[in-house]
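For reference, the structures are reproduced in the following blocks.
Note that chain A is present in both complexes that follow, paired respectively with chain B and with chain C.
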Partner chain A sequence: MPDTASEARNRLIRRVVLDTCIAAAVVIGMGVMRGVYSNELMLFNFVVFLALAQGLNIIYGFTGYLPFGYVGFYGAGAYGFSLVVMHLHVPAMVGMAAAAGAALVLAVILLPLLRLSGAYFAIASMAAAQAVYEIVANPDLENITKGPYGVSLSDVFAPAFSYYTALAILAGTLLLVVWLRNSRFGMSLQAIRDDSVSAAMAGVSVVRGRTIAWLLSALVAGLVGGVFAWHISVFYPDTAFDLSVSIFSTVFLLFGGATTLCGPLLGVFILYGIYNVIGIAVPQYFQFTYGALIVLLVLFLPNGLVSLLTSRGIRVP
Partner chain B sequence: MRSKALALGLLCIAAAAGPANAQPAAPTEIKIGALYASSGPYASISMPVFDGFKLWVDQVNASGGAEVKAFGKKIPIKLIAYDDQSSTATAATLYNQLITQDHVDLLVADSGSVLTSVGVPIAKEHKQFLFDVSGTGAAFFTDDNPYIALMADPVSTIWPHYISDYLADEGAKQGIKTVAILYSTNDFTGTQAAALKGFFERDGKVKVVYYQGVPTSTSNYTVLINNIAALNPDAVLELGYVGNDIAFLRNLQDSGSQFRFVFTIYAGTEKEEIEKNVGISAMTNIFSYVPASNYEYTPNFGMNLTEFHDAWLKKYPVGSNVAFGANAVYGYMAGLVIDRTLASTKSLDQMDIHDAVFGLSGQLKTLDSTFVLRKDGAQIGEVTPLGQLQPAGGKEELDLVAVYPPDLAKGKAVLGK
Partner chain C sequence: MLTGAIVAGVVFGLYYTLVGLGLNLVFGVMRIVNLAHGDFLMLGGIAAWWLFSSFGLHPLVSALLVIVVFVLVGLPVYYLVVPRLLRSRDSEMLSLILFFGLSQMIEAVTTIGLGATERSLPPRLLGVGPMILLGTRLPKAWIFSAAASGIAVLLVYLYLYRTRLGTLTRAVMVSRDEALATGIDVNFVSAVAFGISIALAGVAGVFAPFILGSITPNMGVAINITAFAVIVVGTLGNPLGTLLGGIIYGVSLMLMQTYLSSWANLLPNLLLIAVLLVRPEGILGRKVRRA
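This part shows the complex of A and B:
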């Protein structure tokens, strides 16, 4: 029997409700965990990577662009926050707005990179992130950025408030992904990813779609970078522009499965969980274990863990 | 009725007297949490510190434990140590792990400013006193943070003043007029470079003709040395970490450039390590700091330098790939401060620990010279005499000879022509 419009609408509502419930469960769970488990920084790092993996999901999962230099937006956010807090002595929430602004400005400057694709785009974005790092860490800019000597934001240090702000950013990011997965705009992005020429022929604005996804993805990373600076309060440019932030986010996303809500969540919970268990207990085996897991994934599950279900026709939120 | 009232009265007295007389039970072990980096850019400074610290732990435990005044007995030390692999993100998580999960009694930071930096706000937040072994970053020490003290290194601005004093005094007399400063852009060496530049400008006797920062990851100095040689300075000061100094000294030898006075930090501070990597000829007549691993201070507690070196060689024999140097002394020194702290603290409460550590200031003399703290926790007791690596009496060896200031000098500096 053919679907009617109301059935389709009901199905969409059910999907949105289910996706939103999953997002809410993750956010509430991470909030509750803070009261249960006292290594707050470990939980904070989980929240950071959950949001970053979803932020990367927006640009890679929905448009197919994989920016190896994603950490550039994260670092820009961290320094956007730090500069206004250090020099203007504004409250932390104003700093968060500056973090978002810094990441968006950088994303606009780097918009021409979207003319590249595949490996060229990935490498160019990484070079751009490195260039931003070199500017921030330049000793001649010590009076502005503190150069390579690191920033100290002890005046606004507030671990609990910044943790819950990070949770709010995670909630917003998850809702954004839920919207993209169930909206006309998200569908048009996926059409662009699959075949941009056909999508354009069908009336989808390719440039507009990619630009919005790029800016949203950068915004998420910038906000996460800002809240990282706020939470950790003392850090060096090497930390804020550490390439491993990009690598971890990418691996978590690919491990779980892009374009879905649950894939990146699974990737972070499983891989970052293993990282913390092995990294603390037997760090010498960490790289071997991690490497083996990734090799197995690439060989047997190139589309991530969720492909175990999606390949059988089961929808994964 | 009267007996009931009497009993009630006795109970009240007992209840009132109880807390005052209650002696907290002595723990079966004192848990000390520490971080180290077995790999990555900071491994070369972190591992000798950690090995020096372990040497102290083993010695204390072999003697039945550390004397803890609060419990009036010796209690064994349990060392809980994690490898942060030179990553600040991992280090931050592990500092948290030690405080919140392992509930350590005492927290010891990893070596150097970068890996210490993330521990400072975490320790402050959890009101846990941080034994900062060698993190000299100026931003760590503030009047509003009582939960930190620097154990071994002096703060970075104190290190270089004998270099500028020597060049402005003896050097100027012998025709040293210009200096080039090449430094790695990190907290430790960047602060020293800025301090040196300020000293030279203040004294006005030696002109800074080259002042350049390079990333700490720099591993090739050939072009930089050529640039410096083009300006023909009399003195060249290269301020970097161990890896920087190794690369600089190798490239300097290969380039054939000659300067009258060449200084690097680790040629003397980690002499064994540098010697192994660049050879004696590249180090001859290089100036460096004279660290406690090359200068006999008279301690009033702990082993002296000779005894410590012997103990070190016994635990880490030649060929075991663990180099002896200043960082080894720093690790042991941190142990000695903890030893005296436990012997004098009223309890394991972190503010009592703070009071006990600061109570040692000016009183404790070790193989690392006198332990003196500023009120913000910065270490200002150590001195860093200027030394020169001079051939040792016809042998294929170099001695690090203290040449300045005159009251600490053991020999005379030899300037190039």
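This part shows the complex of A and C:
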């Protein structure tokens, strides 16, 4: 029996309210944890990966493009923040704007990559991130970027303020995903992902949709990179452009299940939780477990944890 | 200086051809990207180092041993992973992730077992002193590594174009489905190609200490980007194009190192992006890009 318009609207409202409640619970939970639990750096890293996994969800979950070089935007954000703060001595919030700007500029430069597909796109974006790293870390540019010797931003160091800024970014990212999941635009993106030719014939602007998703995804990573620079305040280009940032985010996303709100959250809480229990002392044991987990996941559960439910017809927020 | 850079570039190019060739063979036959290729190369290097330091085995002997062992390792890896992977919805994409996981496992086990230190072999093993080639002085170790690479490439060529199994392999490369319909044992052909690919990575690893300087457990990712740049420049899925790609890569690397040394690491990345954007089908390729 077809739904009436009002039933459909009510169901949509229920979904949005439920999704928003989940997002709010995560953000408030991470805020409360800071008062309860003393290891602030670990909590901050959780917030960073929660936001990055969702940022990657925007581009991979909704358009099917998997950028292995996602860390490039994160690094661009971190260095956008650092350069402005170091050279112009502006307040941290201006630095955050620069972080967003740097990531967006890089995303616009890399827009032509969206012409590629599948593995070509993944590898090309990884090469792009490496290229940005090679430029930033070049000793010839020591006067500007401090080259491979790293930056120090003690002027703006503010652990509490930057933590809550990170939470605000996470909240914004989660709301973005809630919007994509329940809006016409998000639906059109998924249509493009599943069959771009049919979507184009149905009147969906393929290029515009992909471009917007790509810029939003880059913006999230840039802001997260900026707040990382602010919170950590001393770091090296190897940390800001560490390929494992991309890889961790990708694995968290795939483990939980892309295109959902809960999937990436579950992925981060479970896997990054395990990492913090066993991975810190001997990272290689974790690396091994991780690798094995990825292999098994691709072979036996390619659509993530949530597919255990969705394949039985249960909707997961 | 210019001739010197070009001659050294061709020598390096032959080696980079060997690095990329196995990756390209797997991509051509199975349409999957083996992101653990660089780690198999690393294992080949570790094997050569271990055989030399424990038994004093000469690298050329190790190379032969590595070929046999790596083919035998490659076959079970193929049967465990690839057939199941190829049945999935988007095997090209998922292969990136799966083999990345495998690469992490190899890297972790190597680091746990041997530590993260750099290992190298004394270059004198492949001859003392320089050799003069077209007026350029090059270490003998480079020349021998390049020659060994050239021989390996030639053998792969003979396999593909002069043997029955090679002909079947090329048939699978052209169309997997049609090959299956013709009654070719696609699975077996692919398994052999996979084994050969792993063996090629291993041989490249044996000579890595002489060309790249040293072997570390985490070198895989950088090698993969290089190998990918080489095969994309030369055309994905075309083993002969790899030779062209390798030489273009080697010569441009040497020119960069001669004239703009601090920016040389940018080269594989920029070359890769540029070729993908301008001519995604590679220099020798037909159009294959979708969407």
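FYI, the second predicted complex is superposed on the first by the 311 of 317 C-alpha atoms of A that agree within 3 Å, B and C clash if a C-alpha of one lies under 4 Å from a C-alpha of the other, contacts with A are read in each partner's own complex, and residues count from 1 in each chain.
Keep this in mind: contacts are C-beta pairs under 8 Å (C-beta built on N, C-alpha and C of every residue); 3 or more make two chains touch, one makes a residue touch a chain.
What you see is a predicted model, and the numbers here were worked out from it, not measured in a lab.
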| item | value |
| --- | --- |
| Which of chain B and chain C A:Ala128 touches, first, second, both or neither | second |
| First (chain B), second (chain C), both or neither touched by A:Ala213 | neither |
| Partner chain(s) touched by A:Ile247 [first = chain B, second = chain C, both, neither] | second |
| Chain B versus chain C as contact partner of A:Leu83, first or second or both or neither | neither |
| Partner chain(s) touched by A:Leu41 [first = chain B, second = chain C, both, neither] | first |
| First, second, both or neither for A:Ala53, with chain B first and chain C second | neither |
| Which of chain B and chain C A:Ala92 touches, first, second, both or neither | neither |
| Touched partner set for A:Gly118, first chain B, second chain C, both or neither | second |
| Partner, of chain C and chain B, that touches more residues belonging to chain A | C |
| Which of chain B and chain C A:Leu299 touches, first, second, both or neither | second |
| Footprint overlap on chain A, comparing chain B with chain C | 139, 284 |
| Complex interface listing, chain A residues touching chain B | 38-42, 45, 137, 139, 147-150, 152, 154, 157, 159, 232-236, 238-239, 242, 244, 276, 279-280, 283-284 |
| Interface residues, chain B side, partner chain A - complex | 38, 82-83, 85, 87-90, 92-97, 100-101, 114, 117-118, 120-122, 124-125, 137, 139, 142, 144-145, 185-187, 190-191, 213, 215-216 |
| Complex contacts: residues of chain C adjacent to chain A | 33, 81, 84-85, 88-90, 92-98, 100-109, 111-112, 221, 225, 228-229, 232, 262-263, 265-266, 268-270, 272-273, 276-277, 280, 289-291 |
| Chain C-touching residues of chain A, taken from the complex the two chains share | 66, 68, 112-113, 115-120, 122-124, 126-128, 130-131, 134-135, 138-140, 196, 243, 247, 250, 254, 282, 284-285, 287-288, 290-295, 297-299, 302 |
